[in-house]
Every structure is written in structure tokens, then in C-alpha cells.
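One chain, chain A, appears in both complexes that follow, with chain B as partner in the first and chain C in the second.
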Partner chain A sequence: MFINWSQGEINLKIVYYGAGMSGKTTNLQFIYARTPQKLRSQLISLKTHQDRTLLFDFLQLEVGQVANLKPKFKLYTVPGQVYYDTSRRLILQGADGVVFVVDSQADRMDDNAELWRSMERHLVELGYDLKTFPIVVQINKRDVPNTLSIPEIRRRLPIKGYPTFEAVAIKGYGVFDTLKASMSGVIAAAHQAV
Partner chain B sequence: MFLQGSFNTISVAALIQTLCHERRSVQIEAWRTDANAHICLSEGMIIAAKCEGIEGPDAIYKLMSWSNGLFRVGQLPEHFAPTMAAEPEGLLLEAARQRDELMA
Partner chain C sequence: MYRSQPVLSASQLTAIHGLLGQLSQQAHMRCAFLCDLSGQELASWTEQAELDLVSLAALAAGDLMATMEIARLLGGKRACNMIIQEHDEMTILVSRVGEGLVLLIATAVDVPIGWSRLAVKRTGERILEVVGTAAMTPPPLVMSDDFVASFNAQIDNIW
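The block that comes next holds the complex of A and B.
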């Protein structure tokens, strides 16, 4: 969280975290395309192996103000390949919330689990309290063959207790439900902090 | 000079991010045993960078590899002529990407 007093804004950072090709970039591209141009910044895109790191920010006027400050959300994706650990840690620095994007395909569960563990490790090392930090889970790619059932995914990943949304991000299903839940969690935490 | 410290206390990335967030117009002088660096920021942008004889974006990537060293932050000289204009986040993320790929 960063308060820009001169602009009357509170900057809040949400990081889309998850395995490579799980759909993080697709989420951000969908959100970016549907955010009014006058409310959003340029989309910054950095190429990494297999996917891209994206970031942009936008003013969110519907969620109300926090201590008379306008919330400005900054959305980031992390590169999902295992070896981009320094990059993920840098991106998580200063995060106010995380959307963890799960790839529903059976053969991706080990990757999902590894990225979940890395997220928890980074958050703890950065001083976050996992009991209170706003994490929202998106179970993506519900439309592709070879997906596991939701109960099976819940059994395989430690996502119990977190707000969870099914999604087909490539078609936009569940994208804004997930984002709104994350923004609500982040705003609630900001109200407590400010 | 209005701020000084060690990269053991605050990382290079965190220092640059914080100063850019606050849209400070400042210069960062950094040094360690056998090397030094000079970064200039203006209104949230990186406008000059030199590290170990390297200039421009590559100087930021080089400085990001420092895990120790000292720094001081002072006022940007008047009429300073920028040699670049880059968003800090893009450069810092690119530096992290290069480091990850080098170590992969």
C-alpha cells in the first residue's frame, strides 16, 4: 500500500500468482481490455520464457474511498516458470493481495502445488501474516479436457478457507468475479490499516 | 544529503521503488569496496544511471546484482541533463528476469 497524498490516492497492489500458462496473463489482458481508457495506465509487458509479465494500474471508483483517498489498483502477473524466483519475490514486495490462479488440468497439479509453496515462502519472508493476508483462488481452465473436479483440486492443494472462483479466463468467465473478491479483501484490509 | 544507509538494510530495488513512488527528484550515490554507482531520478522516472563504468539500463541491471554496499541520497543538481527516461518498474523487473535466467 502506498498513499499518494498529493494525488489523493491510495495505491493498492494485487499480484496474479500461479504456475506458467495457468492463465494469469489472460486474466490481466481481459481486465485491461474492459477498463475504460481514461481510468487505466499503459500496459507494461515483459517477455519471459513461455509467458509474459504484465502490469498496469487503474482507478477504481465503484468500491468507494479509503480514508477519503481514491483507490488505485495496480495489477501484476508473475512469471510462472520455477526458476523466476527473484522476479516473483520482487513483484510480491509491497503486495496488498494475491490472486492465485490454479490450472485445473490433472497434469499441472504438481506445478500448482510448487507455486503455492513458493508464494507462501516469499510472503512469509517478506513479513506478511498468512492468516490475514488477502488471498483469492481462481480455478481456471474449467473448459479444457482432463481437468480435475473441484473437490479433487481442493484435496490436492491447500486452498481450503480461501475465497474460490471457477473460471474460463480465455472467455472472461469468472475473471471479474475473482478481481472483485480480491479488491474487496484488499480494501477491507486497507480500511483496517489506515 | 537527506538519506543514507546500507543495502543490507534496504535492497537496491526497494530504495529505487520507494523514491520513485514518492516522485522524488534526487540522485543516489552508491559504493562498495571496488565499485561505485550514480543514479538520478526525477518525478518517478530514472533519468540517468551509471554503475561500474556501465551507463543506461544496463547500469541498473548491474546495480541490482549488488547485495551489499552503502548509499546516500541527495538533491538532484539544478539543470541536470537527463541521459535516459525509463519507468523504474520495467527496468527492475527486467533486471530480476535476467538474473533468474542467468541462474537457471
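The block that comes next holds the complex of A and C.
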């Protein structure tokens, strides 16, 4: 969180974290497409030729003036492929909140679980307190055939107690519910902190 | 505790703007720019009115973090402090300032790199002096009690 007192700006960073191909970049693309131009920056994507995230995607959102402040949100995605773990840790630095994107497909559960563990490990190493750090869970790809049921996913992943949203990011379903829950959580935590 | 990140006062930011402006008077500077390692832009001086500072901050921080990590993997003991890009029409230097800040300058090609390196180093030291002074001052309480409710109502209006 960086506060520019002279301009009343409060800058907050939200990181979309999760397994490869779970739909993190798709979330940012949909948010970009549906946000008025005056409230958003460019969408920057550092990606491979196969459209996989290489280092990050980045999008800044403004929400206008709220009371005496102008909150600005910097949204980042991490690269989900297993071997980019170091890059994920870099992007998590300075995060004020995380959106964890789960891929609902049965054969992706091990990767979801592995990425959840790596997220917790990185956050702890970076000095965050997991008890208070705002994490929102998005259960994505609800439209594809071989998905697990929500109760089964809850059983397989340690997501109990976190705000959770079902989504079909490619159609935009659940994308803004997730984003707004994360923004509110981050703002509430910042409110506690100042 | 919540993650501590720079909380700069208006007067600190003005002082940093002044330092960046001074650089531009000493040599042909295209841009001088300060952000932090999490990609927040803090202060800038630029020749180009339309420069996308938000994107620049995210990329400069990512660039420096990736470079520091390469050095760490190769066994570098001291964190990297400078990346230099030489282009036909300009030179770009990205430098780490203290633990968490990033200073970027882009100069015209006729500015010698040796001078730029030194200028970046000196400016970095002076920025640290400015940042150091009030880092201990607690920020005034600015978020009113109904701030969270107002915020939530506002984002519901947008999306």
C-alpha cells in the first residue's frame, strides 16, 4: 500500500494467483474490456508465443473519489506454469490481497493444491500474516465437462473460510463479483492498518 | 502488522520531484522516474507529455526484480544495482535505490554513460536521505469510519 498524501491517492496491489491455464489472464482481459476507459490503464501482458503468461499481466483500475481519497488498484497475474515459481514470488511482493483462481477440472486439482501451498509459503516468507491477509477464491471454468462439484473442491483444497465465487471467466460470469470482493477485502484491511 | 511500504509526505514527494528535475537540468534527459519494487510510481520528470507512467512503473519494477533474481541464482552476493540499455537514440539506466525503490533515467545518446551512472548513484543517495527523514512519522488517519461502506457502494455503481 502506498499513499500519496499530496494527491489523496491510495495505491493497492491485488495479485491473481493460481495454476497454469486456470484463467487468471482471462479475468484481467474481461475486466479490461468492461471497464470505462477513463478508469483503466493499458493491459500489459508479458507472455510467451503460446499466450502463456511469462512474467505478469498488469492492469490499473481507478474507482474515482471516495470520501477524501482516490483508491487505485494495480492488478497483476502471475505465470501459473510450475517452473515459474520464482517469478510468482517476485510478483507477490508488496501485494495487498490475492485472488486465487481454481481450475475446476478434476485432473487439475493436484496443480491447484500445489499452487495454493506455494502461495502460502511465499506469503509467509515475505512476512505476511495469513490470518489477516485478504484472499478471495474464484472457482473457475464451471462450464467445462469434467469439473468437480463445489463440495468436492472444498474437500480437496484448503479454501474453507475464504470468500469464494464460482466463475466462467471466459464469459465474464463471476469475474466482477470476485474482483469487487477482493477490492472490498483489501480496502477493509487497509482501513484497519491506517 | 500490515506490510510496511513507503508512506511519503507531500513535502518529501516535492523534494524528490526537485531532485529529478535537477538531473534534467544537468544533461539532456528524456525522463527520470522513481517507483518502488512493487511497481508503484512515486515521482517523475519527463520530456514527453504522454508517457504512460503507470505501465512504466510496473515494467521497471518487474525488470529489476527479474535481474536481481538472475544474479541471486548465479550466486551474486550483493543485490544488483543497475541495468543499462543502450539504444540508437537513447540510453536507459534502471537502478535500485535502497531496499525497495527503483530509479529509472533515460538520457539522449550524447550523454556519456559514465556520467549517467554517477548521476544515478548520487541522486539515489539523495533520494534515500529524503525518504529516510520522515519514514518514522506515522501517517495521519485519513480513512473515515464510513469509508469502507462508501467504497463498496461506489464499486457497485461502476461494475
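Note that the second predicted complex is superposed on the first by the 173 of 194 C-alpha atoms of A that agree within 3 Å, B and C clash if a C-alpha of one lies under 4 Å from a C-alpha of the other, contacts with A are read in each partner's own complex, and residues count from 1 in each chain.
Here is the rule we use: a residue touches a chain if its C-beta (ideal position, glycine included) is under 8 Å from a C-beta of that chain, and two chains touch if they have at least 3 such contacts.
All of these numbers come straight from a predicted model, not from anything done at the bench.
A.B. asks: Using the touch definition from the top, say if A:113 reaches chain B (first), chain C (second), both or neither.
C.D. replies: Neither partner.
A.B. asks: Per the contact definition in the header, classify A:170: touching chain B only (first), chain C only (second), both, or neither.
C.D. replies: neither
A.B. asks: Once the shared chain is lined up, is A:127 touching chain B (first), chain C (second), both, or neither of them?
C.D. replies: second
A.B. asks: I want to verify the contact counts: of chain B and chain C, which reaches more residues of chain A?
C.D. replies: C
A.B. asks: Given the touch rule stated above, what does A:35 touch, chain B (first), chain C (second), both, or neither?
C.D. replies: Second partner only.
A.B. asks: Classify the contacts of A:55 with the two partner chains as first (chain B alone), second (chain C alone), both, or neither.
C.D. replies: both
A.B. asks: Just chain B (first), just chain C (second), both, or neither: which does A:21 touch?
C.D. replies: So A:21 meets neither chain B nor chain C here.
A.B. asks: Regarding the shared-chain residue A:189, is it in contact with chain B (first), chain C (second), both, or neither?
C.D. replies: Only chain C; A:189 stays clear of chain B.
A.B. asks: With the two complexes superposed on chain A, say which partner A:67 touches: chain B (first), chain C (second), both, or neither.
C.D. replies: second
A.B. asks: For chain A, which residues belong to both interfaces, chain B and chain C?
C.D. replies: On chain A, the overlap between the chain B and chain C contacts is residues 2, 4, 6, 11, 44, 46, 55, 86-87, 90-91, 93-94.
A.B. asks: Using the touch rule from the top, collect the residues of chain C that touch chain A in their complex.
C.D. replies: Spelled out, the residues of chain C in touch with chain A are 1-3, 5-10, 13-14, 36-40, 42, 52, 54-55, 58-59, 62, 65-66, 69, 73, 139-144, 146-148, 150-152, 154-156, 158-159.
A.B. asks: Across the complex, what residues on chain A touch chain C?
C.D. replies: It is residues 1-6, 8, 11, 13, 34-36, 39, 41-42, 44, 46, 55-56, 58, 60, 63-64, 66-69, 71, 74, 76, 86-87, 90-91, 93-96, 126-129, 132, 176, 179-180, 183-184, 187-194 of chain A that touch chain C.
A.B. asks: Could you pull out which chain B residues touch chain A in their complex?
C.D. replies: Its residues touching chain A are 13-14, 17, 21, 23, 87, 89-90, 92-94, 96-97, 99-101, 103-104.
A.B. asks: Under the stated contact criterion, what part of chain A meets chain B in this complex?
C.D. replies: Its residues touching chain B are 2, 4, 6, 11, 44, 46, 48-49, 53, 55, 79, 83-87, 90-91, 93-94.
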